[in-house]
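So, here come the structures, one by one.
Two complexes are shown next, each including chain A; its partner changes from chain B in the first to chain C in the second.
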Partner chain A sequence: MILNIDNLWVLNVAGVEVWITETIFNTWLIMLFLIVLAVIARIKLKSFEVIPTGCQNVIESVVEIFDNFAGDALGEKLSYISPWYFMVFVYLLTSCVFSIFGFRAPSADWATTFALALASFSLMLIMGFKHRKGQYLKSFFEPHFIFFPLNLIGELAKPVSLSFRLFGNMLSGTIILTLYYALTPLFVQFGIPVFLHAFFDVVFGAIQTYIFVIISLMYVRGAAAD
Partner chain B sequence: MESLGSVISIIHIAAAIALLNGIFTTFGQSKVACQAIESIARQPEAANDIRSAMFVGLAMCETSGIYGLLVAIIMLFANPLVDTLVNLIS
Partner chain C sequence: MQDTVVFLSQTVPEGRVFGLDTQTLISIGIQLFNAIILAVALGFILYNPVKDFLRKRTEGIQKKIDDSDAAMLKAKELIAEYDAKIKEIDKERLEILEATRLKASEESKLILEDAKLEAVEIKKRSADSVSAEKSRLKEETRIYIIELASLMAKKYITENIDEDTQEKLFEESLAKMEGAKWQS
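Then we have the complex of A and B:
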């Protein structure tokens, strides 16, 4: 029964050891897959017509659905940051679908989810200072200046809780699947695990992806909207 | 060696206790889902808004359960206090 993340290679860059772990390698695979998809969509974009057909339908509807979703959650004025969250959404969704093929999902590593949560947190701060300027700084001292430490802790807990939620869900799926593989005899390990993967990795992963994105959008809106 | 065994058994009991918070998490989530279903039955035209609010609420409730899971995992696999406990017992 192995739960830890494998280390594939160790590189030596100017005397500093750089570990290429399973997570990084799987992230590269997903990046490659998504970049190829994006390039294909970009090439198809040249031959787009007014009345969509076939492949154009799919691309347009995906982008439109996400734009509507982000526009509803953010409001008209802030919806220009929705491409970043489209990237986060697609990346997290692909990473949980990838775990069907027996890879370890990159989001079952705290480093990945914390990086995304930290990016969301910085975006929240930047949007707050850009749209509300001094008002945003003042909101840390409300209702009275003695509440400043409480407000600060509340803000700093946001990226931690955001990342732990996603990480815990993906890790619990990984643990349950590892237990299944370790405890059952060999003849039930073909076919049946597909349904377990579909339930614990894909369904839970999709729900948590939705939750991650919508809570980040709520944070950004709470910081930037008047 | 004997003290290491007792430390490991203590850690396993502690991890099991940390996972007990699933009971209360489940009760909280059931309450959220129950209220959401009730309000959908009362006002079916607002079902979409209620559903998205319910998912966010469920995820917020689930956070405490996931913290329990992470505490249990840290206790089992990355416990920083094992050496201290072994020295203390032996």
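Then we have the complex of A and C:
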């Protein structure tokens, strides 16, 4: 296991070099996996009963638990953006689980975490201006207009802190496991790493996913709240 | 090769952990685009349809609960209505019973009075009848006594008085009877 994010291909798009990294490729794999699962679930949805059983229970539970969670955090007014956060939650969680199978978690790349944080920041601005209009803009100049630079830095720091928090935590797990593989003899590199991956990738990953999503939801709600 | 818009480069640079350059920005753009695609796909394929299904089911169950509540309310109203009717019927029954009792009591009184009157009448008639019977018996007894006295007298006379005396007594009696008839 190496620490670097490998470049798999380099495309030249109209004269601009584009690196197709391991992160991007793994993201496509995760996307494919999740979309296939979603399609299977959608096919099963046609035969859903009023009293759920088996697979229906799992699908309903996943959607309902997340919807209640997002609904509580966002409120009724903003619940229509919950599908975005459902994607963030499922994608980050799946990327953590994928790392057990030797794939590098896309969330251990700042490009991924910043992209998601940037989307949350954009949603925060859009919801703020949509629901509070001038009041939201006015909040940048409170309690006095001289606080505007501080407020602006505070707002711009949000996606940065959000992305680095997740990236740092996921990368730390990757670094620890890389060190483990590099420093331990070969005979302890079978079996034991499973528990280390489960702890650093899945447990830490799940906690960090929850933190990322709940903080993003709070930012959006805070911006749109009256 | 240089004319094509997209082509694979022959040399691939070495990977890295973190960097703030154009490639990172491009990666951010691609990841953002991927995230949007995934969000749209999951939203349309899974999240929203399942949410709709859950919402419809909740509404259906809620409707059933509401219908049950409405039916329960209606049933309670009907029970209350029936209870009121039963109370009314009970009241009416008691009134009828009371009225009947009163009527029966009055009729009973009337019957009793009639019976009393009749009894008095019967008693009076009985008394009259007894009195008439008494008189008749008295008369019969008197006649019987007279006849018996006559017979006894006749027997006594036959056994104890001779024929001359009998004639004499007959003559005297006849004279007395004639005297009494003349005086009357």
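The definition used in the following text is that the second predicted complex is superposed on the first by the 224 of 226 C-alpha atoms of A that agree within 3 Å, B and C clash if a C-alpha of one lies under 4 Å from a C-alpha of the other, contacts with A are read in each partner's own complex, and residues count from 1 in each chain.
Here, contacts are C-beta pairs under 8 Å (C-beta built on N, C-alpha and C of every residue); 3 or more make two chains touch, one makes a residue touch a chain.
Small disclaimer: the values here were computed from a predicted structure and weren't measured.
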Original post:
chain B versus chain C on the shared chain A, clash or fit?
Top reply: fit
Original post:
First (chain B), second (chain C), both or neither: which does A:Asn169 touch?
Top reply: first
Original post:
Any idea whether chain B or chain C touches more of chain A?
Top reply: C
Original post:
Taking the superposition as given, does A:Ser161 touch the first partner, chain B, the second, chain C, both, or neither?
Top reply: first
**OP:** Considering only touches as defined above, state whether A:Leu3 meets chain B (first), chain C (second), both or neither.
**Re:** both
Original post:
Between chain B (first) and chain C (second), which, if any, makes contact with A:Thr53: first, second, both or neither?
Top reply: neither
Original post:
Now for A:Tyr210: first (chain B), second (chain C), both, or neither, which partner does it touch?
Top reply: first
**OP:** For the superposed three-chain arrangement, provide the angle chain B-chain A-chain C between C-alpha centres, rounded in steps of 10 degrees.
**Re:** 120
Original post:
Once you lay one complex on the other using chain A, what is the shortest C-alpha distance from chain B to chain C, in Å?
Top reply: 7
Subject >> chain B and chain C footprints on chain A, overlapping residues >> reply: 3-4, 171
Original post:
chain A touches which residues of chain B in the complex?
Top reply: 52, 55-56, 59, 62-63, 66-67, 69-70, 73, 77
Original post:
In the complex formed with chain C, which residues of chain A make contact?
Top reply: 2-14, 16-19, 21-24, 27-28, 31, 34-35, 38-39, 41-42, 45, 48, 50, 59-60, 63-64, 67, 82-84, 86-88, 90-91, 106, 109-112, 114-116, 118-119, 171
Original post:
Which chain C residues qualify as touching chain A in the complex?
Top reply: 5-9, 11-18, 23-24, 26-32, 34-39, 41-43, 45-51, 53-54, 57, 60
Subject >> Residues of chain A that touch chain B when the two form their complex >> reply: 3-4, 161, 164-165, 167-169, 171-172, 207-208, 210-211, 214-215, 218
